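Order of writing sets the chain letters: A, B, C and D. Residues in each chain are counted from 1.
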Amino acid sequence: MIALLKRDLTLAFRAGGGFGLGLAFFLIVTVLVPFSVGPQSSLLSTIAPGGLWLGALLACLLSLDRLLALDWEDGSLDLLATAPLPLESVVTIKALAHWITTGLPLVLAAPVLGVLLNLPVPGFFWLVVSLAIGTPALSVLGTFGAALTVGLKRGGLLLSLLVLPLYVPTLIFGAEVARRGATGMETATPLLMLAGITAATIALLPFASAAVLRVNLR
Amino acid sequence: MSIASKANSLWEYANPKKFLTTTERVLPFFWVSSAAFLVVGLVWGFFFTPDDYKQGSTVKIIYLHVPSALMAINCWIMMLATSLVWLVRRHHVSALAARAAAPVGIVMTLIALATGAIWGQPMWGTWWAWDPRLTSFLILFLFYLGYVALWEAIEDPDTAADLTSVLCLVGSVFAFLSRYAVNFWNQGLHQGASVMRAGAITGTDTEEKVSNIFFYPLLLCIVGFVLLFIALVFYRTGTEIRARRIKALLARERVNA
Amino acid sequence: MMPDLGKYADTVLSAYAASLLLLVALVVFSILRGRKVRAEMEKVEQRMTRNG
Amino acid sequence: MTLTVTDLSITRGGVPVLEGLDFELEPGKALILRGPNGIGKTTLLRTLAGLQPPLAGTIAGAEDTVAYAGHSDGLKPTLSVVENLRFWASVFGARDIQAALDAYGLNDLAERHAGNLSAGQKRRLGLSRLLVTGRPIWMLDEPTVSLDRNAVAMFADAVRRHLGQGGSALIATHIDLGLDGEVLDVGPYKAKPQPIDDFDGGFL
């Protein structure tokens, strides 16, 4: 298991691995927000928590179609399926690797981008907390979507169509935490819901992802 | 006939040929009766019910809005049930019924959304409000789209049936979650509670909110929509069975050639 | 015969028109596709029986 | 570990391709699969490796004993030869990759990225993976594609050594490897066309 994680991380950090693309995308989206809504700082600080959450979510989505497709194309998935590692672990590791290379950098970069959007000071802490708790669910859900569409030639667009509705609860609660945090309101309830969704997703969805992947491999 | 043998005989309809012959026999009944219920219900509702004291004649939209909204949800529940049957018992008819129902569900959701928007315009002064109920239907619509798109994208029918079934399962959980998330996200901004409460026809407070004058034609319309749904799903499942058979025959032709 | 719909006539009528249009379109498309598929299946079946 | 296949039927794309297969593969033995293109050799190997379910029949002794090598080698172009091999070794719980490198003459290429290898070199690396799996039953699908004569000899030696150590191999190939293995021609097991008025059968 650790070998697979190490390999995926190595691949991501090597040339052509695509590490940092999601981060750059996040930066660009954030920069485009003021261009589209105007530079008034009061307006920007109102939409900053939600805008940053949406940007992070889209950046997560961006790299999903490579998540399993590369291993599918070069036959690694066939070989992993016949290896002693259960497929449930394989998809969990894949999701973890995706989170480390995409979600975690987004969490760390979010405060910097928060400055660009005039995020109110109390919001920084809650933005980082909500992203840190919410993005793992995005990676796990994305792995499920990637497993569904792995056998398709042009699965990228379909993948987005399938995954985005699944992102709704996470986005709602995650952005709610950030928004409430930014305005100094109580955040415990949405935070708890967000954590619950993430925990349940991590615990249960790998079984669905593995089942779907088995169907696609046969 | 004992109950046990009756229960057994239900699975006989999982045989595609048996399904086709049986539905062919009962379909005319469903077409005719659904048309009858709809015509009577809609005519009664449209021509012979009074205007609401507050909403005026817009209350007549209820005869389309509520039944379609009900069917939009029930259709997804039916797809969930047939998907489970496919995953557990591998009856092809079951998977194909789910596929056949999805576009019906899409249209029902569209009708519910469209009538809701048209109704909302004079009542709330806007075509669209991010009301929890409306938003949930919009999300349901997205789930339907994804489901249909996945069916269309996959070449092999068994693979498609498996994948869409799992998607339906996972989607159900997340659609349910979204419903509560949306409630949490926009609570209390509810305008025109009487409108939407009337929409909750299954709720306990229905009877006080929708007076009997409106209720009976509405009931007819709901029955009509249910019958129409059954007729459409039976008919469309038959089409899917035949399309599947064509595929199987052609595949065999290729292999044997 | 037409009931007086008052100032909301446009609203009610457009709601009915849109819904009925969607319903009719669904039924018509279902039946058109059903006919096409049924004919095609018969064609393929016939060809297969002829060619053994 | 003996692989026992009884009355096996397999499908490709929902259509039965082979049926009624019966055979045994004992330790130390090799079985060469023969048959025309499209008959279902790849499908058979994938079914035996557990990648797809059989339509009917049983496969005994294939649980966690099979090392499968299909058309693609599962190599990552940005990893070096050693890194690729070491990854698969640790997935299968093995430590030593030196024997695998030696067997296929990969020592000189060890630090080269897999993306910079020739087709034949990639194939050698892919086959060397079998040696680090420690699995007794090899299932190989056209293993000698893009190998030169020298490399084919390396491969044949590796298989022979594997058989000598009590392993077994099921190989779909059209060239003569000089192994003393039985030949199984799957042609006669081709699935018979089903009667087309059989509506239920038309679904499977």
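To be clear about the criterion, contacts are C-beta pairs under 8 Å (C-beta built on N, C-alpha and C of every residue); 3 or more make two chains touch, one makes a residue touch a chain.
Not measured: the values here are computed from a predicted model.
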item: Relative to subunit D, chain with the most remote C-alpha centre; value: C
item: Pair joined by the larger number of C-beta contacts - B-C, A-D; value: B-C
item: Mean-CA-position distance for subunit C and subunit A (Å); value: 41
item: Cα-centroid distance, subunit B relative to subunit C, in whole angstrom; value: 16
item: Separation of subunit A from subunit D, taking each centre as the mean of its C-alpha atoms, in whole Å; value: 37
item: Subunit C and subunit D, separation of their C-alpha mean positions in angstrom; value: 52
item: Sites on subunit D at which at least two other chains make contact; value: 196
item: Per-residue multi-chain contacts in subunit B, two or more chains; value: 245, 249, 252
item: Contacts with 2+ other chains: residues of subunit C; value: 45, 48
item: Interfacial residue positions of subunit D with respect to subunit A in the complex; value: 46, 49-53, 64, 66-68, 70-76, 78-79, 83, 87-88, 90-93, 129
item: Residue ranges of subunit B touching subunit A (in the complex, touch as defined); value: 139, 142-143, 145-146, 149-150, 153-154, 159, 162-163, 166-167, 169-171, 174-175, 177-178, 180-182, 184-185
item: List of subunit D residues in touch with subunit B within their complex; value: 13-15, 17, 191, 193-194, 196, 199-200, 202-204
item: Complex contacts: residues of subunit B adjacent to subunit C; value: 42, 46-47, 51, 56-58, 60-61, 64-65, 68, 103-104, 107, 110-111, 114-115, 118-119, 121-122, 228, 232, 235-236, 238-239, 242-243, 245-246, 249-250, 252-253
item: In the complex with subunit B, residue positions of subunit C that touch it; value: 1, 3-9, 11-12, 14-16, 18-19, 22-23, 25-27, 30-31, 33-34, 37-38, 40-41, 44-45, 48
